[in-house]
Amino acid sequence: MTKGITQRAVGETVDTFLLIKQSTKGVTTTGNPFMSLVLQDKSGDIEAKLWDTKDEHEAMYAAETIVRVGGEIHNYRGKNQLRIKSIRPAKPEEKKSISDLVPSSEKSTDELLEEILKYLFDMQNPQIQRITRHLLKKYQERILTFPAATRNHHDYVSGLADHVVSMLKLGKSICDIYPSLNKDLLYSGIILHDIGKVFELSGPISTSYTVEGNLLGHISIMVTEISKAAEELSIEGEEVLLLQHMVLSHHGKEEWGSPKKPMIKEAEILHYIDNIDAKMMMLDRALEKTKPGEFTERLFPLDNRSFYKPNVQ
Amino acid sequence: MTKGITQRAVGETVDTFLLIKQSTKGVTTTGNPFMSLVLQDKSGDIEAKLWDTKDEHEAMYAAETIVRVGGEIHNYRGKNQLRIKSIRPAKPEEKKSISDLVPSSEKSTDELLEEILKYLFDMQNPQIQRITRHLLKKYQERILTFPAATRNHHDYVSGLADHVVSMLKLGKSICDIYPSLNKDLLYSGIILHDIGKVFELSGPISTSYTVEGNLLGHISIMVTEISKAAEELSIEGEEVLLLQHMVLSHHGKEEWGSPKKPMIKEAEILHYIDNIDAKMMMLDRALEKTKPGEFTERLFPLDNRSFYKPNVQ
Amino acid sequence: MTKGITQRAVGETVDTFLLIKQSTKGVTTTGNPFMSLVLQDKSGDIEAKLWDTKDEHEAMYAAETIVRVGGEIHNYRGKNQLRIKSIRPAKPEEKKSISDLVPSSEKSTDELLEEILKYLFDMQNPQIQRITRHLLKKYQERILTFPAATRNHHDYVSGLADHVVSMLKLGKSICDIYPSLNKDLLYSGIILHDIGKVFELSGPISTSYTVEGNLLGHISIMVTEISKAAEELSIEGEEVLLLQHMVLSHHGKEEWGSPKKPMIKEAEILHYIDNIDAKMMMLDRALEKTKPGEFTERLFPLDNRSFYKPNVQ
Amino acid sequence: MTKGITQRAVGETVDTFLLIKQSTKGVTTTGNPFMSLVLQDKSGDIEAKLWDTKDEHEAMYAAETIVRVGGEIHNYRGKNQLRIKSIRPAKPEEKKSISDLVPSSEKSTDELLEEILKYLFDMQNPQIQRITRHLLKKYQERILTFPAATRNHHDYVSGLADHVVSMLKLGKSICDIYPSLNKDLLYSGIILHDIGKVFELSGPISTSYTVEGNLLGHISIMVTEISKAAEELSIEGEEVLLLQHMVLSHHGKEEWGSPKKPMIKEAEILHYIDNIDAKMMMLDRALEKTKPGEFTERLFPLDNRSFYKPNVQ
Amino acid sequence: MTKGITQRAVGETVDTFLLIKQSTKGVTTTGNPFMSLVLQDKSGDIEAKLWDTKDEHEAMYAAETIVRVGGEIHNYRGKNQLRIKSIRPAKPEEKKSISDLVPSSEKSTDELLEEILKYLFDMQNPQIQRITRHLLKKYQERILTFPAATRNHHDYVSGLADHVVSMLKLGKSICDIYPSLNKDLLYSGIILHDIGKVFELSGPISTSYTVEGNLLGHISIMVTEISKAAEELSIEGEEVLLLQHMVLSHHGKEEWGSPKKPMIKEAEILHYIDNIDAKMMMLDRALEKTKPGEFTERLFPLDNRSFYKPNVQ
Amino acid sequence: MTKGITQRAVGETVDTFLLIKQSTKGVTTTGNPFMSLVLQDKSGDIEAKLWDTKDEHEAMYAAETIVRVGGEIHNYRGKNQLRIKSIRPAKPEEKKSISDLVPSSEKSTDELLEEILKYLFDMQNPQIQRITRHLLKKYQERILTFPAATRNHHDYVSGLADHVVSMLKLGKSICDIYPSLNKDLLYSGIILHDIGKVFELSGPISTSYTVEGNLLGHISIMVTEISKAAEELSIEGEEVLLLQHMVLSHHGKEEWGSPKKPMIKEAEILHYIDNIDAKMMMLDRALEKTKPGEFTERLFPLDNRSFYKPNVQ
């Protein structure tokens, strides 16, 4: 398999199809127009400059355009950049599709769904199970293809489902060690906690925040969705309230966007599981790009820390 | 009209009907049982001790019992207390009702409703008006009788409606001064912002927090209610989202329980109006009990400040 | 009326008189000298670069020079800039004056004074009235022409008086709704609270902080001024202290530069009124530049929030 | 088996051996001397008052004395107390030993050791394994009998070893889910992280802080111990540094007593595992004492939250 | 010399003249009136209860009354108390004066003044010297007798002057080590920094906060006083501003009551000197009452820390 | 003596030997390679750009190379830069050594050692003296040549020893004023507090953080070193613990990297002395570069404040 754009070393030449992820016009200090592009394939993205551009280039090289690019990798302020030597839009007959050029889960949506259903079928409480299944089915397509975030972790096609599956595994092993936990509540909390993202975010590709996402946030949206689901299923009782609270409190603190702190045991554990899974992904990503004996770049969502990659493996 | 229990001076003797607001059993350091009572009438409440109680007294003098009490006002650690000389439960034939012995708004529920409707009729945007009217009607009885809080401010029968009316007046005058404000949004935000309290709190009297109130909070409950109302009225569009955001953000900051900070101008102003009205009531209450030239007790919800009552009036 | 420099669209050509607000020398990455100019007229300001400058240009195009500029509006990193095609200093015979080229209140200083006096005449307490009038008169010219800040809000000629007038209106309507407030104290607090700015800031145009402003701040300066006024008028008594406290505490918290938090009711309300008026101006300004359905740029003094401009008006 | 002292209901009479955990002299408001005792057995502890005591009682009923007590359970301010009717020191011929009257792990020290060794034997890196084994052996007796804290969680005989065993299980399952983790580092970190407690705390019973514990803390003590162990075993290299860092950073933040935040992946995970295990014990303990549908008392080390015990199990 | 009341051991009997520092009426849980007294002599103060008091006792044993008391020292909750066996007001012919019964500086006011003047005469800058001398003279009597605080440190007669003298010594030695410091500014800052206390506090004995002290604070009061002094002496120029800034910023941070942080080098150092001198006194006081090998009680103004008193001296 | 590179005025021409402190490759916005150099001599450092560089220049002008440079001082964004007109590596026969081109203490290492020993010989407690002497001797060379930091203060050859000597002087004068301080503890604490820096930092020149420094920090390293020293000298007893605590707590707060706050009086004072000495150096440095009547640049380690340099000297 061909090496991805982020796996190339400085000095390597490149001739490949890439997707324009971002495109920004600029003017040099001497007054000449240029464009800053972020180009990506499945492996990730890289920056590139297009010098001495003309007005028509702006439309030609807009975001979400597939282009054929020739160039060379060089290093600019400690980061790889692509020095463009040739560039042109892909031709229809080259049959390149966007989904071939964006990062996505290593599992298919069918596999992801199957894994989630395994935990759903393991639930004993019929109310919890029915609400969970209802919402899973109602938004199934989006749940299986959306990312979990616009950046930092699980920020790729099907990232949300990947995150849920990984958390469910962790949830199961914690329930085995601490049997006083209510497995149904925890599994359902894990499955539902971030479904609000399918309203908060714009879609699987070139993901941004929706107005609804900005003004309400995925947590509040989801609390309302659980209420609607319960109404649609004519379910009443404490289970509805408990699931709403699980979702509401999963950021752990008011400062982090949860209007209530966790007040049931399973909600507290959900918050931890969410954190561990997100941090493991961020750390693995950053450490992959780091040599043994060196430190990663500063990781903003990890309190801006640099992590050390030991020589000892 | 007879002086209320909180208006009596130290040394005055009392013989009147009072409602037991709280009742707690204790044991003195020498091992004798006693009861701590909080007794109230319309004017407010006062503490009292019942010494050398027997087991049967616990049931006889439980909370929400009306009693006839004789005694004398004395001062204990800077606060008035009632030294009980005689006490007995009220007799059915004395026809005392709880509503005569709890603080409540000076206005009738009819007057309060009429004032609120005046602002409702002033709205131009039909979607905003319909959602507001729908929710007002759906929970009308509770909205007109509930307090706005369990203590600190508007913590009495119809306190919620009093708070809303006062805020509407303030809202109107601010819209007059800053005409760029959307009056409909602001009025509706004021009317709806605390309706979630009718779920969060247990009722107009002996008010406590419900489980739902503790686990979800009035803000999240109300965001869902607006969504339901819109569905019931088949209203779609930005208005629903804006009203949800007004309610969601009215505490102003994540730390104060709003999962999103205000992000529309009217939401920012709603937060200010809410604050001014609550603080004015707390300050007026505390200053009423303070002599000119002296400081109030420390007021916890006002950053624990003591306020000075000037001699200059 | 001609369109102001900030009202021009990208691509429009310009040939007009502008005032140099700021002028900074630079060197390009290739070692050539250039100048960064901020040019303004009544409508606001715009950036521009002057390439390949010579040593004599520094004096010729210093701050507070009026120039005739020809050029074109273009967009640089999301902000409008002026691409200069021709520039020369204005000639004496062109009779351009600085006051025609700086933003200022829409009201004349006479109108502003008249409005403030209306509230002054409404005061009942002679001590409060006399101190207020004395200070108003003593610094009248500066009070009527200074801005209230170097940026963010009311940062234009007569901005301070505009701010005071708007706050007085708000103060009056709040006193009407909460009659327990002492109107005299509140009005005087509003008029005096920011007069220290006429010492803290350098003047109505090209405003910067004075050394005195940096080392003492407008709050402490004004507390001393009130003391001097009282001495000059031989006024003693609580009024002096109360007015000093109103000014001292109007930033609301120690962290925001008030060495004491508000400890009288009117001081608490003054803090709110000041905030509402400043925020309304900042929000109106930012929203004017924003299209319906979009978010403003991040507003630093509003906790770095972006505000949404609804489509619903 | 007889019911423990904390399992008795209000009103039950008691005649049993108990250990005096704390003993404090007091004087009633009327000037009479009394003693406040905290009495315990394996189930936990209860407060009791001894009225009208004499001087000789102070020595007779000092902490760590076993006594035979007759009395009755009553409720004081929402907490159970023991009303003492008869009390005398245990007689030597009654053969009561302190270890029968203090809470301790449900597992024997042999079982605990065996479980820990299982994970030790699973390590692959000889340096990490040798350092861990060395320290485990050096302080084996204390490690197997000390509590992990003076209160809140694992605050009983062998609590430290219980905590370590439970964390090792959790660590194993997390390594299974995230195979990029270095199992040896994580296991060793778990085993070593709190060994400094055997210096910080005074012993398994009547545990208090030592002067060394107060002035240095278990974290710094243990960092030095690892250095000594490495020297004793002539081990050099990165492993020593990594283990020191694991211990050093396991409180997660400077504010919580770690002079460095975690900077290797396994240290970050160690911090989470430690938290989850401590919180699960605190929550289980508090919820055991709570009825379904009610809230626990406020739990100080859990941000002072009250947790809800659902009716749904 | 007789031992002071705070130097007596538990069990000692006492028959001596004491000053009533505080006097509070109470009621026991059984309804009997009593009084809580705080009694003092030069060595410090001690609590005492007066049981079964009558109405006339309130006036007889009011604060600032000298009494002859017989009794015994006993220990109550870890603190010494005086068990009163006999008490009566001192008789005029016993010629006891309050100043013999309050703690005060070990130096006379003449000695204190002389020490301060030594540093004053050492100043070179005539403006700084004249302002300092003027204010020292204007409030000389109060400066030499007031405490520096109501509690914690230098809270005794002439405590303010003691604090200033000790800080001047420290200031001199720091100027010797860092000769770039402006000695005149630093000395003047030290002398003036707390003179506002003679307005903020009520007097040398039974010291409380004045209304002016509460509403303005000693810092703002003193900034105004420096301005008045300069006017009275017709001094203009930077020196006035610098001295005002020294006083204004000496608490170091906005949160600690300085509306501006130190912005000149000498102001920064003044803040440190003030802190060191206050902390040394608090620590010496607390450690005097502590045995070697033990910890002091928690010291609130030192971040609530307990300090260890080493066995090593 | 020739003027140092930082003492030159704008416009002066330069022809001198300089050391390359930092060297970074860049690309201009027009795609041409260049290098950013930081060049230094004993007086400090200055930035310079090398335009149109070739690949071989990277090795030729790497950090720690001595070069002969001709050029001119110009001002770029308020800071002096060197415009390079000629540059070449120094030739061996020119006999320039790095130590002639890096800032260093004005005192020789012999003088510094002699000063430190004076205080060492003044100690009375043999245990404290022996531990201090042992560590001083063990790491003597490094202690006498290392800087105390990588930037901000004492960041030059022998900066650590300079810092210690200056702190010892201050410590002595504080002990003279507050005789209750234990001089031995304080002197030893001063000498030892930063010795961990000789492990935390890479060396006297081109100083960076070591991996050990990043993962453990100089405080924890030194606590272990004291323990080892005590073991090597067979010293037991409280002195060891006290010295470890002095070092451990000298940053004053957990947030600043001390896992325990100071809990002995001398540790509290050590923290203040450390602060005063560091701040005096930072202030003197910043004020040297500032004209009277102006403000320094913002100083990050001083809460980002700008300091004013008075005209009054």
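Which chain is which? They are A, B, C, D, E and F, in the order written, and residues in each are numbered from 1.
We adopt the following convention: contacts are C-beta pairs under 8 Å (C-beta built on N, C-alpha and C of every residue); 3 or more make two chains touch, one makes a residue touch a chain.
Just so we're clear, the structure is a prediction, and the values are computed from it rather than from any experiment.
Counting only chains that touch, the fewest steps needed to get from chain A to chain E is 2. Annotation of chain D and chain F: jointly contacted by A, E, touch as defined at the top. Counted as hops between touching chains, the shortest connection from chain B to chain D is 1.
At the interface between chain C and chain F, two copies of one sequence, fewer than half of the residue numbers in use appear on both sides, so the contact is built from largely different positions. Between chain A and chain C the centroid-to-centroid distance comes to 44 Å (mean Cα coordinates, whole Å). Work out the mean CA point of chain B and of chain F, and you get 61 Å between them. Shared interface positions of chain D, defined as residues touching 2 or more other chains, are 29-30, 211, 214-215, 242, 263-264, 295, 308.
Checking each pair of chains for touch leaves A-B, A-C, A-D, A-F, B-C, B-D, B-E, C-E, C-F, D-E, D-F, E-F.
Considering their complex, residues 25-27, 29-31, 211, 214-215 of chain B touch chain D. Considering their complex, residues 211-212, 214-217, 219-220, 223-224, 227-228, 231, 241-242, 244-245, 248, 254-260, 263-264 of chain E touch chain C.
The part of chain B that touches chain C in the complex is made up of residues 125, 166, 169-170, 173-174, 176-178, 180, 182, 185, 237-239, 242, 261-265, 268-269, 272, 275-276, 279-280, 283-284, 287, 295, 302-303, 305-313.
Across the complex, chain C is touched by residues 28-30, 32, 34, 49, 51, 74-77, 83, 293, 295, 308 of chain F.
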